[in-house]
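For reference, chains read A, B, C, D, E and F in written order, and residue numbers begin at 1 within each chain.
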Amino acid sequence: MEFLVASAIGILTAGGIYLVLRLRTFPVILGISLLTYAVNVFLFTSGRLTIAGAPILRDGVTHYADPLPQALVLTAIVISFGMTAVVVMIGLGAFLGSNDDHVDDQPETETADAEGRS
Amino acid sequence: MSHWIIAPIVLPALLAPFIVLAARYHIGIQRALSLAGVVALVVIATALALQASDGTITLYRLSDWAAPFGIVLVADALSTLMVLLTSVLALFVLLYAIGSGWDNRGRHFHALFQFQLMGIIGAFLTGDLFNLFVFFEVLLIASYGLMIHAGGNARMRAGVQYVLFNLIGSTLFLFALGAIYAETGTLNMADLAQRVALIGPEETVGIRVAAVLLLLVFAIKAALVPLHFWLPSSYAEAPAPVAALFAIMTKVGAYAIIRVYTLIFPPELAATQGLHDLWLLPAALVSVAIGMMGVLAAKKLDRLVAFAVIGSMGMVMVTLSLFTPEGIAAALYYIIHSTLAGAALFLIADLVRTGRGGLDLTAQPPMAGAALTAGFFFVGAIAMAGLPPLSGFLGKLLVLNASFSAPQAAWIWGVVLVSSLVSILGFARAGSILFWKAESLTLEEADPSRSVPRPLSYVAVGGLIVLLAAHTVFAGQMHGYTSKIAGQLFDPAPYMLKVLDTPGKLSQPKEGH
Amino acid sequence: MLGRAFRWLMPHPFLTLLLAVVWIVLQNEFSAGMAVFGVILGILIPWGTSAWWPDTPHRFRLFKMIRYSFLVMWDIMVANVQVAWIVLTVPNPKLKPAWIVVPLDLLEPEAITMLAGTITLTPGTVSADLSDEGHSLLVHVLHTEDPDAVRDDIKSRYEARLKEIFS
Amino acid sequence: MMSAPDLMSLALSIAFISLAVAQLMCMIRLVLGPSTGDRILALDTMVINALGLVILLGIHQGVRIYFEVSLLIAMLGFVSTVALARFILRGDIIE
Amino acid sequence: MTFEVIGTYATAIFLLIGSGFALVGVLGLLKFNDSMTRLHAPTKVGTVGIGALLLASMTYSYVSGAPSMHELLIMAFLFVTAPISANFIAKVNIHLRTCETPPAPPRDDTWSTLKAPEDDQDLDPASDT
Amino acid sequence: MSLFFIVLLPFLGALLPGLMNSAGRAAVAGVTFTVSLAAFVGLLTNLPTVLAGEVVTARIDWMPLLGLNFTLMLDSLGFFFAMLILGIGLLVIAYARHYLSRDDNMGEFFTYLLLFQGAMVGIVLSDNILLLLVFWELTSLSSFLLIGYWKHLPAGRQGARMALTVTGMGGLAMIAGMLILGQIVGSYDLSVILQNRDLIQADPLYLTALLLILLGCFTKSAQFPFHFWLPHAMAAPTPVSAYLHSATMVKAGIFLMARMWPVLSGTPEWFMIVTTAGLITMVLGAVIALFKHDLKALLAFSTVSHLGLITMLLGTGTAFGAMAAVFHILNHATFKAALFMSAGIVDHEAHTRDIRRLGGLRKLMPVTFTIATLAALSMAGIPLLNGFLSKEMMLEEAYGTALFGVPWLVPALATVGSLFSAAYCFRLIGHVFLGPVRDDYPATPHDPPAGLWLPPALLMIPVVLIGVAPFLAEPFVKLVTASVLGEAADVPKAYFKIWHGLVPALYMSIAAVVGGLLLLAVFNPALRFWEAAPRPEAKTIFEAVVEAVASLAQKIILPLHNGAFSRYAAIGTVAIIAAGSHAFVTGTVSAPTREMQSVGPVPIAGWLMLIAATGGMVFMHRNRLLSLILIGIVGLMVSIGFVFFSAPDLAMTQFTVEVVTIILMLLALNFLPNKTPVESSLLRRLRDAVVAIAGGLATFGLAYHYLLRDAVATPISEFHLANSYKGGGGTNVVNVILVDFRGFDTYGEIIVLGIAALLIYALTETLLDGPVRARLLNRKPDQPRAGDMHPMMMVVLTRVIMPLVLLVGFYIFLRGHNEPGGGFIAGLIVSIAVVMQYMASGFSWASARLRYPYHGVIGAGVLIAGLTGIGSWFVGKPFLTSDFTYVRIPPFEKFELATAALFDLGVFLAVVGAVMLSLESFSRLARRAHVPDTEHPMDIDPSRDDPPAEKAGYAKEGV
């Protein structure tokens, strides 16, 4: 099981990195999302893997998953959701302004900007 | 229990939503509230710094849970100094933002500004590593908003890159935190320090990777080459007061490195031997070189200043990488200097932009309000390039002096001094083009958008310059204080005792330490 | 007067009932307190969202509706077996899918929606679209020899009953 | 005839495997497409099958804490289907 | 046979029925070679499949002594939302012309999905996406 | 007067002229003069003490831990230089008052001048070498300002930058040298350093320190090969040239060599370097000076030459050499300042400094002629003038010096240098003043008013007086020499006199003067030869070097920071992976401590799905909609994974976030292209794949490593499990951690969300206020659209589903403390419910009926959370301390009231507000002006279009 989870983290990371290195904003954002999944699972596994032991206290039960990483991941999910929304919006704003969704600065737009700016 | 420690976090955190709720459509009320908040922040920060100045460490247990089970804030000399620096900087930056009208060129400037302060100050005060992550995110997301404040294509494009790069950084932070928790089972810094020491020599892989990942996270914040790429265009494109406020953000990274690598992974820790000492210094030296070369290479004034910030962060990191009390003391002195100087220069660049209509380093007719702007630029450039008599020079002396006995002293001295020369060249070239060459052109060719900066803008910049001067005149006291802080950092026992031995709800101090 | 107050308080009484019931089921055990609480929520939530449900059918026969539900449920079960059989046994070339058009006598959106939903949930049919004035329903049939029979079946078996419920 | 618990565990295993296989088959349809409608349908089906998996897990682990998860999937799973379809139909999903 | 044993058998049978239906539904999704016919299988069969699993869960809850009615809610939600999904996917298919074009409605002009706004008459529906 | 005042007066006074500009030129000059005079007088008050051979000191601690203190000392050497600086300063101020034209900003000029003066005085009075460095660099800065004073002149700007660069470079080197020196000795106090000759000279770093310090001195004093900046600094106004570039600043290097003489000199290294540099400079400067046509350039190179002379004298390392150097410093300062001022007068009067256009001025400006001739003759080494005396001493010293083991080398070169020196002096007299009066001067020259000629004339007094009666200068020079020598040597006994007998120096001197005259006689052929001879132009070389550095910097920096995020990310990722892997491979690993858990078919299937979806995203990411669907599946699988591994809260959060994210991305994709074009090369994709795989392996390795091992100590979450119910009042430990144990994190987290929404809103506003608005208004859809915006089925079912979802949201919120759920998930559920309404009936219809402003909801949420936290202050507890109690109100069962629930309510509101404000902002972008607001919740409604008979019975509500 551990191997499955660890390799899933690795594959999500690899996919994420590959997409982050693309040239348009949209795939890059998707890449970041994949990385976020990877790191959330990674952080989650820092409490190790527990099956059938949700951290909801029940009388007589002593087998619980580590609740702390779960809380941390929950925070991380929320934060990265906010971040995703923001980056999507800024990316959209950049695209609407220049009709170009390259994530890299384009030589010609740079000069156009320089001329266009007051 | 005194609640003053949390006041610098809660005050802006309450003020910001209040501004959003009550004063969304009234810039005047927003300004008044924001300014009042920052003034109060300065007062509180001063009081906290005074309280901590005699070595007192104050603990604040959030939700009343004791460390390491709950989150704690720790006010020691270092954290309160950084909080004070932040608030004072914020005051002048805010004055400038109001004076120049930048705050009214988009929505929610003041709310975002307050949130930004909350994030930065929280990062300085927290004693918990995951909480540090949360505050990093708060300060980052507020910075995204401030960075793209007022919009515009170039700014937006730079904003995308800035956000994306920092998202990678945040991801990395979480990887580091996961590794840390997996290895140690805790998140509190003091507790971590204890637990990391328990790790035996036979099983160091995990903690080593964690230590390095954490350092990389902070290195991104501190804009250490080659993780600095986010900085030049985002600082250059950000609205001037925002860029000026950002001058403290790189220091958050430096602060975190100082804190974590004196407390949790001190230089003598066996498990993490041979890590950062291997490449931190080279990276810092390259940062100095890149930064200063950038000053010479830049084609626009705002980029020039951005590169100067990279260079000055390099200087900080050079000294930090020694991990000696002298080095930390010098780094702290330099941090204060570079924050003030960087901020001042960003604002001065905006005075130039206002008076001239653009920041291209090409000859253009004389700018409006040239004399005062030129004077400020001269002083700011002297400070940043590390020329006497200002604090940049003194900081440079401290850096060189602290690194004298390091094995790589020749490298450090060589790079620092040669880069200084390059940056002097760069600043001289820029100043000469902006203020001297302009005299040979006639006003008829001037940009129509040029206008005289408002008096309040000058007051704000002047205030920062005065602070720089004070940092110079009282260099002895400041350096004495930073040395004291360094001493406190290299003797972490009282810190750990304070954090871990203070009981909280349902918990008594642990036995045996 | 009282009626208007009632309408203001409870714009959709059946919704209130539904919410109260759902609340009780959610609790997984019946208790008077929870029932009261459920009713309170059942009043509050429709009240808070009534702006988004501006008009309501003037009549709705609950008991006929319940009978109709049982009919549909039975049909669903039968349909599932049929469709599963088709999936498993009928090869693709022999499959005879068809579009059928059901002219509608129903006018209320609630009624039409219920019909469309029923069609989708029952024998080999999916309601795909409405005509641009809303007078016909487009239905896709998975496998039939006689599309017209399917259409008539829909009209008599479901639409007629729905007409009663909503009149 | 099998004993009840044996049959139960066998049935559970068969159910798990069936749903797992079903998920993989959906995945194939999703990748093959060919039309976007098919892909959305595949996603929708996967969400519902995932709901089935959660229920099976609940039975398997004998705990009731997954009810909220199942409820959520049942309640909200269709929202992304609708959003995707609306995107194809109108471009703007909220207009 | 006790109540528990019967309940357990029932649960097992429900499980088998449910998962079987779910599997068959997806089989249809994979097997059929037309977008509209593919739509039939999972939207109905899947729903009932999951419904049976929910019944299994409910039965089992009575067997294991913690009776639960919750599952009814889940089923209800599934039954209410499934037609919406199906309707939208069908509209997508019609819009993208990935199925046979439906016959014209008798009383009205056309089907609502096909009534494209005048703004984008010149855009070819099948070209994009 | 205290030494502090002498140093600080010029600095403080520097503020006055700049601020007094409006008071008039006389006032400005007057105040400057007064300030300078005050400092001068202050200096003179210390004369008795100095003459008594005592050292005046003053000290204020500045940075004691560093060893940089405001420590001043005044001995005779310092006094000598301070007197030159302040004395000549007074004359220059008086001269400049008349020299500057009405167009020049005199206040600015005098401000800079006083700054310079202060810095210069600071150098010579510093008793702390770090303080000396401060002043040292300040002279570079103020001279930069002074040289560039005429901003409109390109030559001035270039000269200023060149001077700053060269002297700045030297200064930086000197910083290093001084720091090394201080580290060797253990103190930066000069008085301490000067006691430690043996320690310093024995140290392995001595040579390094020496080289670095000399680099500073040579650049400042324009010694070969750094001599080239000085002539270009002549673009400055003449008072500046006279003051900085002959009398004072260029002597700073000389001063420092003299200052450090006791500890640095006397070694072979010192002798070789300093003597050689001085000798070459002396000869080269003299040769170049002869052929310069610009009067000031001639003087500039002559200064270079004389500075070389002095340097050479100091280099010999003998006491006599030092004494000669001191004497020549004094003499040179007098005649050279006078010469510069005379040149300035000529320039001022004739409007040219080109020697070829001058001549015959003797008759037109006799006073100037007299002054200049006296000064020039002194410089040429003609007896009865002071220059002769020190030059004789130099030649005598040279005669006794053997360099590289060659005894004649130094004397020969010294003679050659003197010869050229005499030649250019004669040329100056002959070609400027003698000869026939011309009629083609750019302006007709006259003797200027006394204000201009009096200062140089005053300087002629010492020139002649010392020349005739050298014994007058002798005690003073010896006194100064004594302080140069310190304890390293005794002051020579030799007397100062005009006639020493027929010593070799006399022959050398005669040879020089005669040779000089002869050389002038063949000046024209010599000039032609000089001009034909190939020689490197230092300025060109310097500029080429600077240009090369600048273009190198640009070549490195600009392409590296060209805004290519994809490269930034690649570099960053590789760096991170490399550093992490390095840490990994250099660490130690021991055997796993945990068992591997077994795997069933379901996890494998889930794993396969995850892999397939991720792979699908990578390979099919160009189809953006498809990649959205795929990422939805990734999210779904991760949620199921969380369920599987006992994390229901996470599963719910992940799932709901997933739904909202897809909605958000779809809203954005509406504007963006639906496809990503192929742009990167195969090679690049390969590179990215390699980086990605490396990153994947790294995270896999790390995760796998610790999944099989336990933490070093019991995780702190044991405490959370044990005390969640007792202390937090909840059985859902995750929720208790979120709202209680680590409520502060959550507080920060909702603030992040709130900020995100504010940011999105603010950006939307900015976009809609800017040029983007027009583009949005005219936007054509990029894909064909179907009819039926608001399908009936969706609308009708939403009317039922949405209230139900809200109910469930409420349920999840209430139960969160004890069962899976909580404010955050509930918030997301409620948001999705509202989004459903938006999707059903459209933005405009739905939001027009909305009663809650989202800004307010966010603000209220954050405030409630914050105020809940503050609430605990009133019971004396820290921020966010929770409390709970159980209450019973019939007919309800006993239920729990917890402050944590209030905090959770804040979370809930913030989430709802944030999500809705964000989505709303996105939707607002899509609203096109010509699309009218929808007036009905659904497009098709037969009951509306042809109402049934009983239509009247319909209840119309709302709106």
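Keep in mind that, in the parts below, a contact is a pair of C-beta atoms (placed from the backbone, for glycine too) under 8 Å apart; a residue touches a chain by one contact, two chains touch by 3 or more.
Chains and their UniProt names: A = Multisubunit potassium/proton antiporter, PhaC subunit; B = Multisubunit potassium/proton antiporter, PhaD subunit; C = Multisubunit potassium/proton antiporter, PhaE subunit; D = Multisubunit potassium/proton antiporter, PhaF subunit; E = Multisubunit potassium/proton antiporter, PhaG subunit.
A quick note: this is a predicted structure, and the numbers were derived from the prediction, not measured.
In summary, the chains found to touch both chain B and chain D are A, F.
Set side by side, the interfaces E-F and B-F show unequal numbers of C-beta pairs in contact, with more at B-F. Of all chains, F has its CA centroid at the greatest distance from the CA centroid of chain D.
Chain centres were defined as the mean of their Cα atoms; on that basis the chain farthest from chain A turns out to be C. Among the chains in view, B has its Cα centre nearest the centre of the complete protein Cα set.
Distance from the chain C centre to the chain E centre is 15 Å, each centre being the mean of its Cα atoms. Chain F has its Cα centroid 36 Å from the Cα centroid of chain A. One simple way to say how far apart two chains are is to compare their mean CA positions; for chain A and chain B this gives 26 Å. Note on chain placement: the centre of chain B and the centre of chain E lie 56 Å apart, centres being C-alpha means. Under the contact definition stated at the top, the residues of chain A that touch 2 or more other chains are 20, 25, 28-29, 38, 40, 42, 45-48, 51-52, 54, 56, 68-69, 72, 75, 79, 82-83, 86, 90-91, 93, 97, 103, 105.
Among the residues of chain D, those touching two or more other chains are numbered 16, 19, 21, 36, 40, 62, 65, 71, 75, 82, 86, 88-89. Looking at chain B, one finds that residues 130, 134, 137, 141, 144-145, 148, 151-152, 157, 160-161, 164, 168, 175, 179, 181-182, 187, 233 touch two or more other chains.
Against chain C, in their complex, chain E makes its touches with residues 21, 24-25, 27-28, 31-34, 36-37, 39-41, 43-45, 47-48, 68-70, 72-73, 79-80, 82-83, 86-87, 90-91, 93-94, 99-100, 102-103, 105-113, 115. Interface residues of chain E, counted against chain D in their complex, comprise 4-5, 8-9, 11-13, 15-16, 18-20, 22-23, 25-27, 29-30, 35, 38-39, 42-43, 46-47, 49-50, 53-54, 56-57, 60-61, 64, 66, 68, 70-71, 73-75, 77-78, 81-82, 84-85, 88-93, 95-96, 98, 113, 129.
On chain C, the positions that touch chain F within their shared complex are 7, 11, 15, 18-19, 22-23, 26, 31-34, 36-37, 41, 45-46, 48-59, 104, 106-110, 112-113, 116-117, 127, 129-130, 132-135. Of all the residues in chain F, the ones that touch chain A in their complex are 562-567, 569-570, 573, 594, 596-599, 603-604, 607, 610-611, 614-615, 617-618, 621-622, 624, 627-628, 631, 634-635, 638, 641-642, 644-650, 653-654, 657, 660-661, 664-665, 668-669, 671-673, 676-677, 679-680, 688-689, 691-693, 695-704, 706-708, 710, 715-717, 720-721, 724-725, 731-734, 737-738, 741-742, 745-746, 749-750, 752-753, 755-757, 759-760, 763-764, 766-767, 770-772, 775-776, 818-820, 824, 911, 914, 918, 921-922, 925.
Those residues of chain A that touch chain B in the shared complex are 20, 25, 28-29, 32, 35-36, 38-40, 42-43, 45-48, 68-69, 72, 75-76, 79-80, 82-83, 86-87, 90-91, 93-94, 97-98, 103, 105, 109, 113-114, 116-118.
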